[in-house]
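What follows is a set of structures to go through.
Same chain, two partners: chain A is paired with chain B first, then with chain C.
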Partner chain A sequence: MAAGMLTKAICGLRCPRFAAAALSCSSQSYSTAALPKAVLTPSDNTADQNKLLNVPLSHPDFFRVSELFSLKDLFDARVHLGHKKGCRHRLMEPYLFGSRLDTDVIDLEQTVPHLQQALNFTAHVAFRGGIILFVSRYRQFGHLVERTARECGEYAHTRYWQGGLLTNATIQYGPGVRLPDLIIFLSTLNNVFQTHVAIRDAAKMNIPTVGVVDTNCNPSLITYPVPANDDTPAAMELYCRLFKVTINRAKDKRKQLELLKGLGPSTTSS
Partner chain B sequence: MAGSRLEKFGTVFTRVRDLIRAGVVKEKDKPIWYDVYAAFPPKRPPLYVKPQTRVFVKTEDNVPEIFYKEDAIRAKFYETYGNGPKMIDLSRSTFVSSCQRFVEKYNELQSTGGFEEDALFEETSKALLAEGILLRRKGVPAVAPEPRDPVLGMKLTEMLAEEQQANTAAPDTTAAAAVENTASVDNTTSTTATPEQTQTETLATDANKPS
Partner chain C sequence: MNQDVPSMHSAYTKAKMAALYKVACRWSSGTCVFRRPALYSPRNLYSSDSSTPIEGQGETESQQPVAEKPKSGFAVAYELHSDLRQQQQQQDSGPSPSRVSSTTTRDETSFASLLRHSPLVQMGPAKDKIVLGKIFHVVGDDLYIDFGAKFHCVCKRPSTDGDKYQRGTRVRLRLEDLELTSRFLGATTDTTLLEAEAHLLGLAGEAKPKA
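Let's look at the complex of A and B:
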């Protein structure tokens, strides 16, 4: 049953992506005979395409993600609450404000720019038609994460992580699989309080990660860590809402710009 | 697509950058996130950090403890009055607990009046009492127990025996009255009253005889 859930959760990784797979992962596509050939775009179209993709990179906050939340919102959602002093991870010490009667308090002044960077990166990746995978093994919020992924048209994996999911993907899912371009961790630990295997696997497969790291997590391998609380429902709902809004915003912007330029839907967009 | 699975060396970005530079990964096969990372790099490069081997010397704690000046007042409050009369409701962000009100009043009195420390504590308690907050000291019960009815402590049989001994020296009418009285007071001794009555009568006649 777990395997069935797994395939259902990541079924989208394979099905609508073969055309894109043919373009991007050229060495792996053995099954191109049955698929529609990728349309070769004319040269001025590619120049326009490049401009479309590169213009947002010149703005520091093209998608205005810093307007989505404030420090007060984070405080009200109890994002600053950490675990007890005994559970603290050595590498999380620079992100802590202090400890009040042995309970760690995360420095929200640092969390705000980290979260802004994470949301900005997510928005740009979504704008460029990247596949985003939400991972969280926190059972209390499994349904919330899956619902968030469905509402923004991306993917989620909140069940048991099989060892070779990313590293052995071509054999588990067949050749020509397109792997996610970004993995968002809403909780970096698994059910036995160890670091989730997907963090190491994503680093192995050269996939950038965005992760909410609590005071008992290891932030070293995560590309864009966000030091924040991952145990309170209010905080988790806030993150899910923020990611959903940024991804939808980025995708809408993409559609809007394409219509403006008269390019039509490109083959790499979602 | 070629890749590098060495997560312990360099970051995701450096590995892909070097692959592109070496020509193994073509420009058109560049990953989607590569340009975005180049434009907006993270604050700290995501390098792998080796887990620290057993630390034999206790390293200093870099995380400061959070304490406020008012904590001294709060500690004294909780020591004297326990948890306080009002339950703390954290769902409201503008909630003021009884301890917090105590602290505010304490600071007020400290700045305005010229009290000493011990007196200041009592003064704030009185001030809060005036405002309507009843602070109960820890360990002392709320209401003093009712004193036991002293009547329940009396032993009536002993009292009756004492009365009878007093009555044998007295004259007839008074003795009879006393006997009736004792009979009416204590019904259980009614059976003993009649022999006593005859006893007192005989005693009385004996007393009257020699006179």
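Let's look at the complex of A and C:
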């Protein structure tokens, strides 16, 4: 299925329609990095493509995302600070270190492996040429999220979420729309402190999600939750930097492997 | 009982005792006060079996190896006993957030250790604490000040030296609350304002009169 989707992408349907739709929603126009338009390669190249795609799967941390951050970095960025005890979501209790003077403290010893898994998954999706959508309805960091998406050549949606954006895409945006392969939530709540609709919709459409969940959020439907602070600018800048670096690293690795194996669009198949 | 003593201590060589003493000295320079009695007389850890209760004043090292056989794994045994002792003390004194497990209290870069020594925790309750903040955003007369907690605070520009308060200025604050939350009638969770509350005292760089 992934191979099928990949060939669809190579067909040049790197979804200008979806991109246009997302951009029109946000009423801002910026261009993402254009991928080289690959010619529909003959079938004898598919085996090599599949081998290339399976290369990162051999190693648990192929993209070395665990080297991108340490527990001390998270601590200095105030990732462990949570809301007050009264705002706590019941399902976040396993991720909490404790509560001090009515303020919750998130256990960074748990956050570190969660964040590593999330970054690793993001890297793999980016390596395979998947579309990544950054979603955050936190107004303070809307511009930061959009800038991050532009710098790593992916998409962002930080404005009002139309109800049928994922579930009604074929009717709202026309047939043959390619939906995102990964949605990254840098804040899982909307402006009225309810869970963002996109989490439920992504689960309905079988789209994996990565989400930064604070102590007042519901981590239920998110595929790779990262229990962490989402209110401090220092923490948000850290996440944006980490995701951007991971995605760029994965894409560069893909280009590098393609050149090494001679599978680039400009070279002939071996 | 006497027969037990040589078999217990037979595990220890002089080198191992020296290593223990080094470990003990490192620990005594740490933060936990309650461990000191144990350090001075390591043999008292096995107090039920100790037949010669000599207070360790440097002589324990030389007297121990008389009845000891060389064996490895002493450090593990010592750790095990100190864990048991710590758990006993934990039960006596009640749970506290800093003593999650013995290994994390030993490791200086563990999260529990970092948290315990962080200024936010050392400060205690936020009410009426004086902190330094930095203005990161200005909207007319509203100054958005970040002082190192989860949220920022918003203060009105004071009438004295008003134009000195620009983006990047360091200011002194008296904190009221780290997060303004309240539970309203009929609600299941608190409503939060996503802001802290503080009073602006003035600029941080003011020269204090020398005594």
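We take it that the second predicted complex is superposed on the first by the 220 of 270 C-alpha atoms of A that agree within 3 Å, B and C clash if a C-alpha of one lies under 4 Å from a C-alpha of the other, contacts with A are read in each partner's own complex, and residues count from 1 in each chain.
To be clear about the criterion, a residue touches a chain if its C-beta (ideal position, glycine included) is under 8 Å from a C-beta of that chain, and two chains touch if they have at least 3 such contacts.
None of the values given here were measured: they were computed from a predicted structure.
Note on chain A: of its two partners chain C and chain B, the one contacting more of its residues is B.
In the superposition on chain A, contact is made by A:108 with chain C only, not with chain B. Touch criterion met: A:224 reaches chain B, while chain C stays clear of it.
Judged by the touch definition given at the top, the superposed model places A:57 against chain B, while chain C stays out of reach. In the superposed model, A:84 makes contact with chain C only, not with chain B. By the touch criterion defined above, A:157 reaches neither chain B nor chain C.
When the two structures are aligned on the shared chain, A:196 is found in touch with neither chain B nor chain C. In the superposition on chain A, no contact is made by A:137 with either chain B or chain C.
In the superposed model, A:117 lies in contact with chain B only, and not with chain C.
Contacts of A:244 after superposition: neither chain B nor chain C is touched. On chain A, the surface patch touched by chain B in one complex and by chain C in the other comprises residues 88, 97-98, 100, 105. Residues 24-28, 53-54, 57-58, 76, 85, 88, 90-91, 93-94, 96-100, 104-105, 113-114, 117, 120-121, 124-125, 128-130, 167, 181-182, 200, 203-209, 218, 220-225, 268 of chain A touch chain B in their complex. Against chain A, the residues of chain C that register as touching in their complex are 97, 109-112, 114-115, 118, 120-121, 124-126, 136, 146, 148-151, 178-179, 181, 183, 189-192, 194.
The touching residues of chain B, when paired with chain A in their complex, are 1-7, 11-13, 15-16, 29, 31-33, 35-37, 39-40, 42-44, 46-49, 52, 62-66, 93. On the side of chain A, the complex with chain C involves touching residues 71-72, 75, 78, 80-84, 86-89, 97-98, 100-101, 103, 105, 107-109, 193, 216, 229, 231-233.
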